[in-house]
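Each of the two complexes below includes chain A, the first together with chain B, the second together with chain C.
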Partner chain A sequence: MIHRAEPVGGPIINRFTSFLLGLVGISVILLIWRFAAGLGATTALNDGYPFGLWIAFEVVAGTALACGGYAVAILLYVFNKGEYHPLIRPALLTSALGYSMAAFAIIIDVGRPWFIYRIPIRVGQWNLNSPLLEVALCVMAYVGVLWIELAPAFLEKWKETGSGGLRRFAESGLRFFDKAMIWIVSLGILLPTMHQSSLGTVMLLGGPKLHKLWNTPLIPLLFLVSCIAMGYAVVIFESGVSGAVFGRPRHTAMLAKLSGAMVVVLALFLVIRFADLILRGRLGLMFHDWYSVLFWAEMALFAVPLVMLSNARRRQHFPTLFKAASLMLFAGILYRFDTYLVAFNPGRQWTYFPSLVEILVSVGVVSLEILLYIAIVKRYPILAGRATAPEKA
Partner chain B sequence: MDRSVMGRVIADTERSNNGVDRRDFLKVCTMAAAAVGLPASVAVQWAEAAESGGLKPSVIWLHGQECTGCTESLLRTSRPGLAELILDLISLDYHETLFAAAGHQMEAALQQAMEANAGKYVMVVEGSTPVKENGIYCKIGGTTMLDLVHEVAEKAGAIIAIGSCASWGGVQSTPPNPTGATGLPEVLEGKTVVTIPGCPANPYNFLGTVLQFVTLGTLPALDAKGRPATAYSKTIHEHCPRRPHFDAGRFAQEFGDEGHRQGWCLYKLGCKGPVTHANCSVLHFGEIGTWPIGTGHPCIGCTEQHVGFETFIHQTVEIERPTPPDTYPPVEEVRHGISPAAAGVAGLVGGALVGAGYMAARKAAESGGEEEES
Partner chain C sequence: MSVDRRTLLKGLVVGGAAAAAGPAEASEARRPEAPPDAVGMLYDATLCIGCKTCVVACREANGLPPETPEWTEGLWDAPPGLDEYTKNIIQLYREGDEQSYVKHQCMHCLDPGCVNACMIGALQKRDFGIVTWESDRCIGCRYCQVACPFEVPKFEFHSANPKIVKCELCIHRIKEGKQPACCEVCPRGAIIYGTYDMLLEEAHRRIEASPDRYIQKVYGETDGGGTQVLYISHVPFEKLGFPQGLGDEPVGKMARDVQHGVYKGFIAPTVLYAVLAGVIWRNRRSAGEEESS
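Our next item is the complex of A and B:
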């Protein structure tokens, strides 16, 4: 059964999107200030914490939240579960937007963004031992791959409505994708596997600066496993939201099966997390200080969705599914925040709390992401099925 | 006396004491190759040659006026791979400190090695040569050091001066220099002498030079003073880990003060890093990451003639080749607190997220699109 994706339609500008546009406007002004006055004047970054909210949230948590395309592609193409096809386009759109925003966040976060273009070009100067080089190259490549993976959605629209040159371009493009998609998808699965684990490797290099409950040689694996679970969760979450907002079918049966995969990955994560801590004799730290509290909060956020969805019958109940997915997302975000900021202590009494500019820009970036999502699903065939209820937002 | 037995005994002792694996061995080779500017692939060649027991060029090692510190630092490194590498890769045919033999037996070994390997052997000299009064201040087996170096250099394939004494005279050449202690390049004027200054010389610089000659038949590119250019073309200051403190104007003013404890620049304590050409700041001594500046002592400029042992330890020096950075970091560290507005907005955003999540969950439960029958 193939669902045909169709644009939602309707006006793009309404009260909600105007509000988002306002938030984006505020951050544009703040970003002008950031580039004029520099990072020191506008952010709370310092020598102890050279990365802050923009990296921890937009890049590290943001790309993990954008792993829907990756996680669904694994199911769809690696395990050949063709039935998940209606989920792939919305998942790819959130991924493409999420990764583009992460790339944008890196540009505003680094001290000398005008040199970023050199990374892919100056091959001779690559430090092959650097996980950040891997992240930079992989993320750059993956942003491109994601938009290419998503390109058929745009080409289909242009084929139908475009005129002359645009239609011919769309037609030849679609013919090309018929043949080449499998290679692009392969890249789309390989690249996140590489950089999502490398994002963990970065903190592994922090060594003793990272609290022992988080510092393990398995950080790369934990980051990879949790990002896949977050990918499934985000697809469920997004189905719920677009179901409620755009009145699109929710495919509960399909999402229930998808959450089965999420449960397996989630269980795997918790087993690795605990086995690692126990085998390396760090059980005592789990009941030690306020970091222990943080650790248990994190673990609870991971464990509760696991329990909620452990029963196959409960998975069929969409509200349960949605709540579990939301908790799962919070868990993944908290795990990344803890690893990158909270459990990271560079010593010498360095502290970090994001500045107003950092927070407002982060809000603006997320607003822009939501805004683009709404605009694209309204104009291009992303979501499956026909609109069955009047659009509400 | 069977010289190769000698070598084997030392190597075996080292091996049984510490056991060097191939990985460590390759690391040593790679560092030595890097020290003289050779690619890592050469290191693999060396390691393979050592394993197969090939090469084994004859090395004649002479001692002049010195403390044997260079030999000590070569053989008694924290990682025995180095001693092993030397004894596996070369045939040490004459070495006054390491020989079990003595007296005439030993002098015979020298003559034998020189004849058997004429034109091919590597001559290594450790220590300065006194030239005053025809060199009577240093004699080995009745021959003056002055005569000995001329004699051995005559048929040598390559000549290496290890340590500051052999390179330019060392501590004993400082005024008034009663014995006329002189470096090898001056004594053997007209001959190519590779100098590896340092007190002691960094073993990797030496090893890289010897191994390059042995495997490739060439010497590293040398600067005007005969030093391998890769290792000695930059000053300590240029790659000093404390350099950012220098640029930021953060100096330790005296030993044990706040800046000294914070690891700030030692320039004002008399560090000779800005005029001393050596690679200590990137290839540390002792292989455990320590070196004078790393331990909090200013560089004394031991590799540099007229600096090491001649200037006072706490005397500051002119900066050679001042290289200002693009930007200067602030002297005062910038530390931000938590601004009340930021905390408020963070709370607001966090609350909004949780609230929105809750509302979305409720809404998803109540309404939403129709179920798709599949």
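Our next item is the complex of A and C:
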């Protein structure tokens, strides 16, 4: 059963993509305002809540949602499960787009983006105690690595359809990739291992401001484990959506096996989370105030998909898989929102709820991501298998 | 191959677990020490009469506007706390008969969270242990605000080219041989300037000399790893706006233990990278053999 990746084809501009384009347009205008007037005029960010929606959603949750490429690469290359090959390209594409959007979000969120270039080049000034420095360097490098990992999809197409110079470039690029593949793929696994865990470490510096149910030295491990679960969930989610929209085969059998890996990872997360809180004597906080409620909501969102998927037979049922994956995504997103915003309490006088500009720009960023995804899968060999139904998008 | 894979997984899991356990080698046993040339301030809440002369003097000495520029008409008194135009504030606490003023500005921590956070060292402990900000290195990420337990650094949200605003202990005046402006003008000597050692001694001398007058604690001696600005008071410090649950450890310590515990310099990532490459190489080779056979 060989699934060769093929372009979906069809026009890129249609009603849906035009709508997305409109949302992107609104964001562009809002962002011009943001850069002219500053963050105070356009966002709800304040001195108590310096990190807001853009960081919590686009960067912290967004990169975790973009861990499909990482999570599948672990199975495919480390555990040598070659059968997952058809999943890797779409996963890498969502990862590359997700990470690029996160990088973009950082640029619009920081006060002085024109100094960002100094972070990678001023090696002598690096503060190696800063978890954020590690995140910044790793994310910058990983955006590059992801697009390189994805490059064969573009090169293959250019090799076939390009003329003269472009074809020669594509051929030599593919040859280079064949040789360097091990080093690139290893980097593609190493970097997310480092920065997805460090994204957790970042909030340890919140110290007493981070609620004790979330503030634990195990936070990097919890972030790492949950991002892998989110990576698998995204792959399932994406297969469901692109299956429905582009009429592609869903690989249900393969996804069922994948969700087996998800069960292990989810269980691991819950065990670590509870063991840590119990061993550190924080059991009482689990039944204390509304933070406890939040905590249990989070735990339930992790536990329900675990239960749904733990039965091997039910895993074969795609709608169940899809629902479990969606819940799992919510779980991971909520865990990150809680750690970065809700369980972060700088004092009673501060409140934060994202402004309309922040929300609309976030919507615009996600729209751009979907738009690019559609454009790329329609033109380049990303999705496996042939279209079996007329495409509807 | 299975060995390789197991080592790899172990590496991943042990890394996390080691971080959790806080390995002995990585943890810093002793609390931070003040730099030898450290200076600071001592605030005595029992002496302060809330005249806010220091607030005005601070504005003048640091070129800050006399009032919030966003305010244009109507009555204006004073900002309720530190903000992007205010590096120093006097607040009043009252509950029943208990009452006290308190002055807030940067504490000039011995092991500051803000410095720990800052990516390329815009915030650093520079001369005299004073925590200063260097514009040239600031990205405006605001991580220092997350990391400061005293909520000190303020960000110019009004500006399209924002800076971080915080008390730098009037380092420009100290370098001219003068005192910080707030210490110079205080009519009651409620805030005094001196070397860190001298101030710590003076604080203890006062609370020991009048045990009825003071809470028997010098705030900042150990809190958050210790600070170069010290406080003595007749009202419990939690009530004066100091953070709850801070403890004696610097806020950055746990993150550092975790990060350096896991990374061990850069050895762990390098080893992981090599192991990953090795495993993938073997997997690929065996896959190639299968195909050709």
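To be clear about the criterion, the second predicted complex is superposed on the first by the 390 of 393 C-alpha atoms of A that agree within 3 Å, B and C clash if a C-alpha of one lies under 4 Å from a C-alpha of the other, contacts with A are read in each partner's own complex, and residues count from 1 in each chain.
By our rule, a residue touches a chain if its C-beta (ideal position, glycine included) is under 8 Å from a C-beta of that chain, and two chains touch if they have at least 3 such contacts.
Worth saying up front: this structure is predicted, and the values here are computed from it rather than measured.
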* Asked: Putting chain B and chain C on the same copy of chain A, do they fit or clash?
  -> clash
* To do: With the two complexes superposed on chain A, say which partner A:Ile359 touches: chain B (first), chain C (second), both, or neither.
  => first
* Does chain B (first) or chain C (second) touch A:Gly38, or do both, or does neither? -> second
* To do: Have a look at where A:Leu205 lands relative to chain B and chain C in the superposition and call it first, second, both or neither.
  => second
* In the superposed arrangement, which partner chain does A:Met254 touch: chain B (first), chain C (second), both, or neither? -> first
* Asked: Now for A:Val241: first (chain B), second (chain C), both, or neither, which partner does it touch?
  -> first
* Would you sort A:Asp47 into first (chain B), second (chain C), both or neither based on which partner it touches? => both
* To do: State whether A:Phe287 touches chain B only (first), chain C only (second), both chains, or neither.
  => neither
* To do: Specify the partner with more touching residues on chain A, choosing between chain B and chain C.
  => C
* To do: State whether A:Phe176 touches chain B only (first), chain C only (second), both chains, or neither.
  => neither
* Could you look at A:Phe274 and tell me whether it touches chain B, chain C, both or neither (first, second, both, neither)? => neither
* **On chain A, the residue positions that both chain B and chain C contact, one per complex** => 40, 45-47
* Considering the complex alone, what residue numbers of chain B touch chain A? -> 333-339, 341-343, 345-346, 349, 357, 360-361, 363-365, 367-372, 374
* To do: Write out the stretch or stretches of chain A touching chain C in their complex.
  => 35-41, 45-48, 50-51, 77-80, 82, 110-113, 115-116, 118-119, 122, 125-127, 129-134, 136, 181-183, 185-187, 189-190, 193-194, 197-198, 201-209, 216-221, 224, 276, 344, 346-347, 349
* Which of the residues in chain C end up touching chain A in this complex? -> 5, 8, 12, 16-17, 19-20, 22, 80-81, 83-84, 113, 115-121, 137-143, 145-147, 149, 151, 153-162, 243-247, 251-252, 254-259, 262, 269, 272-273, 276-277, 279-281, 283-284, 286-287
* Structure fact -> Per the touch rule above, chain A residues touching chain B in the complex are 1, 3, 40, 44-47, 83, 240-241, 243-244, 246-254, 318-319, 322-323, 326, 330, 350-356, 358-360, 363, 385, 388-389
